[in-house]
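One chain, subunit A, links the two complexes that follow: it is found with subunit B in the first and with subunit C in the second.
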Partner chain A sequence: MLTLSGITRRYGDATALDGLSFTVPDDAYVSLLGASGSGKTTLLRLIAGFEEPDAGQIILDGVRLDGQPPHRRDIGFVFQNFALFPHLTVEENVAFGLKYRESNAVASAAEVAERTQAALELVGLEGFGHRGVGEISGGQRQRVALARTLVTEPRIVLLDEPLGALDANLRDRMCDELRAIRERLKVSFLHVTGSETEALTMGDTVAVLAGGRIVQSSGSRALFEAPLNASAAKHLNAWNILSGTVEKDKLRTNAGILPVPGSLSDGQSAQIALRFDRIDVSDAAQVPEGRHHFEARFLTGEFNGPTALSFFRTADGALVQVVDHLSSPRLPRLEEGRTYALHYRPEEVLLFEGAEG
Partner chain B sequence: MTAMTTDLPLTSEKSPATVREATDRRRALMLLSPGVIWMTLFMLLPLGMVVYVSFWTQTTFAVNSTLTTASWERFLSSPTYLGAIGTTLRIWAIVLAATLLVGYPVALFIGLFVKNRTVQTALLVACVIPFWTSFLIRVIAWRPMLGTEGAINVILQKLGIISEPLTFLLFSEFSVLVGMTQIYCVFMVGPITFMIARIDESVIEAARDLGASFGTIFRRIVLPLSMPGVIVGAIFVSVMVLGEFATAASLSGRKVNLLGNIIVSQVGSLKWAFAAVAGVVLTIIITAVITLALRVVDLRKEM
Partner chain C sequence: MDVRMLRPALALYTGAFLAFLYGPMIVLAILSFQGPNGGPQFPIQEWSTYWYRHLLGLTETSRVSQLPVGDSLLRSLALAFMTTVVSVVLGTMSAEAFRTRFRGSGPVFYLVILGMMVPGVLVGLGMALLSNVLGIERAWWGTAFVLHVVYTYPFAFLVMLAIFNRFDRSVEEASLSLGVSPAQTFRRVTFPIIFPGVLSAALFSFTLSYDEFSRTLFTAGRDLTLPLSIYGTFSVEIYPNLFAFGVLTTLFSFTLLVIYGLLMKRFTGTRAGRFSGQEAVA
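Right, the complex of A and B next:
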């Protein structure tokens, strides 16, 4: 089990990580979701030991890691750009950690060869051992990077946007393979990504990094359906967030004055979240009984295969997105520039107290 | 469905691809020609001339174009001249080793440990500062340093480490080696620094992550990846040291005779045929050294 507590890392005046605490359980696939610049790569580099935290502790299986040099931490790191050794063949790349690590180096050439072959088979690269790393495709390089890390049997594997350099088809396939490989090896993977779909697909647990802290860490379904705070909801790219101040148990937002669940004191800041696919659209006069609504002008639609995304702007300037699943369409035909009523069931609303983060 | 027809009339004109290829070839020839003309006029022709002259007949005060191998025979049977070849090769080998020994750590520091590109450039420029003054001054500046009354001897005597001044410091092979190492070191540092700075930082981090210590990373990653720089630097240093005469002339007190010094003195006494023989021998040695260096590392593959 990897435990980080109170990790702070500053670069000059900028604080990348601000008292972050986080746990990666044993034998789990954890994805770490964060926008670019949120410090997710910094977090991995701190765990791997390429950088040291300004404050806080990193503890792996009860042993403190921070302060130890990277080559004594026994942690696997898969680089975004793969970082293969350009002068070595695929086989030599994979064997590097076995042959040259400072402690427990494998002296027997036969064992090195055997374990290298096993690692190449694990990632589906048998027969590629003698190729130079310049002579293989991007997807194959990704596999070499993975094999090179896994062959040393690290205690935890850190993957820094491992699929970022691959094209979409390959990415989907690698997603499945990464999960399968991890399940066979029973080692924890900590997978950093900026893509919410990738994070939700891969992780048994998904942690959201924002403002230098982990704002939520839960199962992927729980996170998607019930984010605990506005920061987490924002990263899922599936929630409209409207912030405002409370007035007589209602929230004054720039989408109008909206009812909120629960009672809050007047003048308090709060935000409500509405999921893209839980909003229906109709003419202003035809809002069904029992649903809350506000009015907004239809800007434009975006078709992306199985779903269609519609953009609305309220009179006060809030941008609202609505997703329609084309297999069961529920939106009427929309005219650009016309104003519609956007309505939703009262219980679909999530309320977050506090000002916009 | 709409079908698109692309039936263009067949013409006898050249296809655009052929025209483009011809343009490209013309451009390549134009880019190549200044270099080729220069090299032909000022290198190949003179080189041929030197070889030709080395077979001319040399008399005490004149040289005529009757072909003979007399100069070659004299050169190859004279212990003085064969000794000069030996001295040249020995000095070359020691200076090459010394520049590598002094230069590599400097290059490693600038290329690997200095992360800031501006500082890297500044440090490289600092290595070139000695070149802002003339060659002769750089060489002669060693005299007040190494002489019997020079800085090193004075300091050592003041500290009581020696009682008599060390005489081997100046006007010896030692001073020639020191002078040459200082002058040519920068030609070793430059190419190696560039190769080391080109190594992707994450490659070194990957090696650390895989459990390799600094020594192992240096041996298995940094050194192999910097080899092209070492070879290029070694070629620079070799070519310059093998043709050297000025350092030896001003720091050895005429005790060290390199092939270059022989050429200078023979030309000075108008022994053209003989100077030509030494020139040809020098060219053969340099060619052999470069060929050897290129054998060690396949630059085409590594660059």
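Right, the complex of A and C next:
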């Protein structure tokens, strides 16, 4: 189990990580979702020991890691650019750690060869061992990087946007394979990504990094359906967030004055979140009974294949997105520039107290 | 300018450039095959390899004394070799240090570069005076050697700095994360990748030291290096044996360049081709 507590890392005046605490359980696939510049790569580099935190502790299986040099931490790292050794063949890349590591180096050439072959088989690269790393495709390089790390049997594997350099088709396939390989090895993976779909697909647990802290860490379904705060909701790219101040148990937002669940004191800041696919659209006069609504002008639609995204702008300038699924369309034909009623069931609203962060 | 005119113009320019580069060398090479009675100018009296044999001491005694270059050649080679080793090691180490922008790295950079900027005669003279004051005897392997390092080290440093600028640090981090110690990482990852740069730095250092003149003039002491002893023979009279020697040293330099080229090809060539046909195994 990897435990981070109170990790702070500053670069000059900028604080990348601000008292972050987080746990990666044993035998789990954890994905870490964060926008670019959120400090997610910094976090991995701190765990791997390429950088040291300004404050806080990193503990792996009860042993303090921070302060130890990277080569004594026994942590695997898969780089975004793969960082293969350009002067070695695929096989030599994979065998590298076994042959040259400081402790537990494998002296027997036969054993090195055997374990290298096993690692290459694990990632589906049998027979590619003699190739140079310049002679294989991006997806294959990714596999070499993975095999090279896994062959040394690290206690935890850190993956820094491992699919970022791959094209979309390959990315989907590698997603499945990464999960399958991890399940076979029973080692924890901490996978950092900026893509919410990737994070939700990969992780048994998804942690959201924002403002230098983990704002939520939970199962992917729980996170998607019930984010605990506005920061987490924002990263999922599936929630409209409207912020405002409370007036007589209602929230004054730039989408109008909307009822909120629960009672809040007047003048308090709060935000409500509405999922893209839980909003229906109708003419202003035809809002069904029992649903809250506000009005907004239809801007434009965006067709993505299985889903269609519609953009609306309220009179006060709030941008609202609505998702329609092609298999079960529920939106009427929309006319650009016309104003519609956007309505939803009262219980679909999530309420977050506090101002916009 | 018209594109059709540009190509011939550039060709002409390149031709002139090559002519000026190789012209003197070719004239020298032709004159080195002068007959025993000919002088160091045209016309060629008769074609022969007399002066080459004269140079190697294979001729009957002649009115021209043998060129006194044997010892000084060995000295120059030894000096260039020593200088190369020290400069390349120092250059690589300091370029490695400059990868982390340590405090004061700016001034230190200019101090290092100064070594190749200051006029050679001045440093040479200064070194000679300094060694007099300190009572150190001047020698090619001592005072001159130090100055050769001061002169060539900045070149090696700049070459290695450029190499490290393009160096992807993550391969070193990858090695560390595999449990390989920093020393092994340097040996197994960093050094093989920067090796072409090290070769270039070595070539620079060797060539610069091998024909260094002004710094050596005041600091070499009694035993002369090759450039100094050749200069010494000028002041008496010039015979074609000097040309023969010039041709031989040029050939030696070419050999060095060829070795450099082959090594570069060996270490920078992609592995494409070397392992082609391995798909069959899969």
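A few comments on the model shown:
Criterion: the second predicted complex is superposed on the first by the 357 of 357 C-alpha atoms of A that agree within 3 Å, B and C clash if a C-alpha of one lies under 4 Å from a C-alpha of the other, contacts with A are read in each partner's own complex, and residues count from 1 in each chain.
FYI, a contact is a pair of C-beta atoms (placed from the backbone, for glycine too) under 8 Å apart; a residue touches a chain by one contact, two chains touch by 3 or more.
What you see is a predicted model, and the numbers here were worked out from it, not measured in a lab.
After superposition on subunit A, the partners subunit B and subunit C are seen to clash.
In the superposed pair of complexes, A:221 makes contact with neither subunit B nor subunit C. When both complexes are overlaid on chain A, the residue A:345 reaches neither subunit B nor subunit C. Contact with neither subunit B nor subunit C is seen for A:330 once the two complexes are overlaid on the shared chain.
In the superposition on chain A, A:101 makes contact with both subunit B and subunit C. Contacts of A:173 after superposition on the shared chain: neither subunit B nor subunit C is touched. Shared-chain residue A:87: touches subunit B and subunit C both.
With both structures placed on the common chain, the touch criterion links A:64 to neither subunit B nor subunit C. Once the two structures are overlaid, the count of subunit A residues touched is higher for C than for its counterpart among subunit B and subunit C. Overlap of the subunit B and subunit C contact sets on subunit A: residues 48-50, 69-72, 74-77, 79, 81, 83-87, 96-97, 100-103, 148-149, 152. Put simply, subunit C touches subunit A in their complex at residues 168, 170-171, 173-182, 184-185, 188-189, 192-193, 267, 270-272, 274-275, 278-279, 281-282.
The residues of subunit A lying in touch with subunit C in their complex are 48-50, 69-77, 79, 81, 83-87, 89, 96-97, 100-104, 126-128, 130-135, 145, 148-149, 152, 154.
Only residues 200, 202-203, 205-213, 216, 220-221, 224-225, 302 of subunit B touch subunit A when the two sit together in their complex. Interface residues of subunit A, counted against subunit B in their complex, comprise 48-50, 69-72, 74-77, 79, 81, 83-87, 96-97, 100-103, 105, 148-149, 152.
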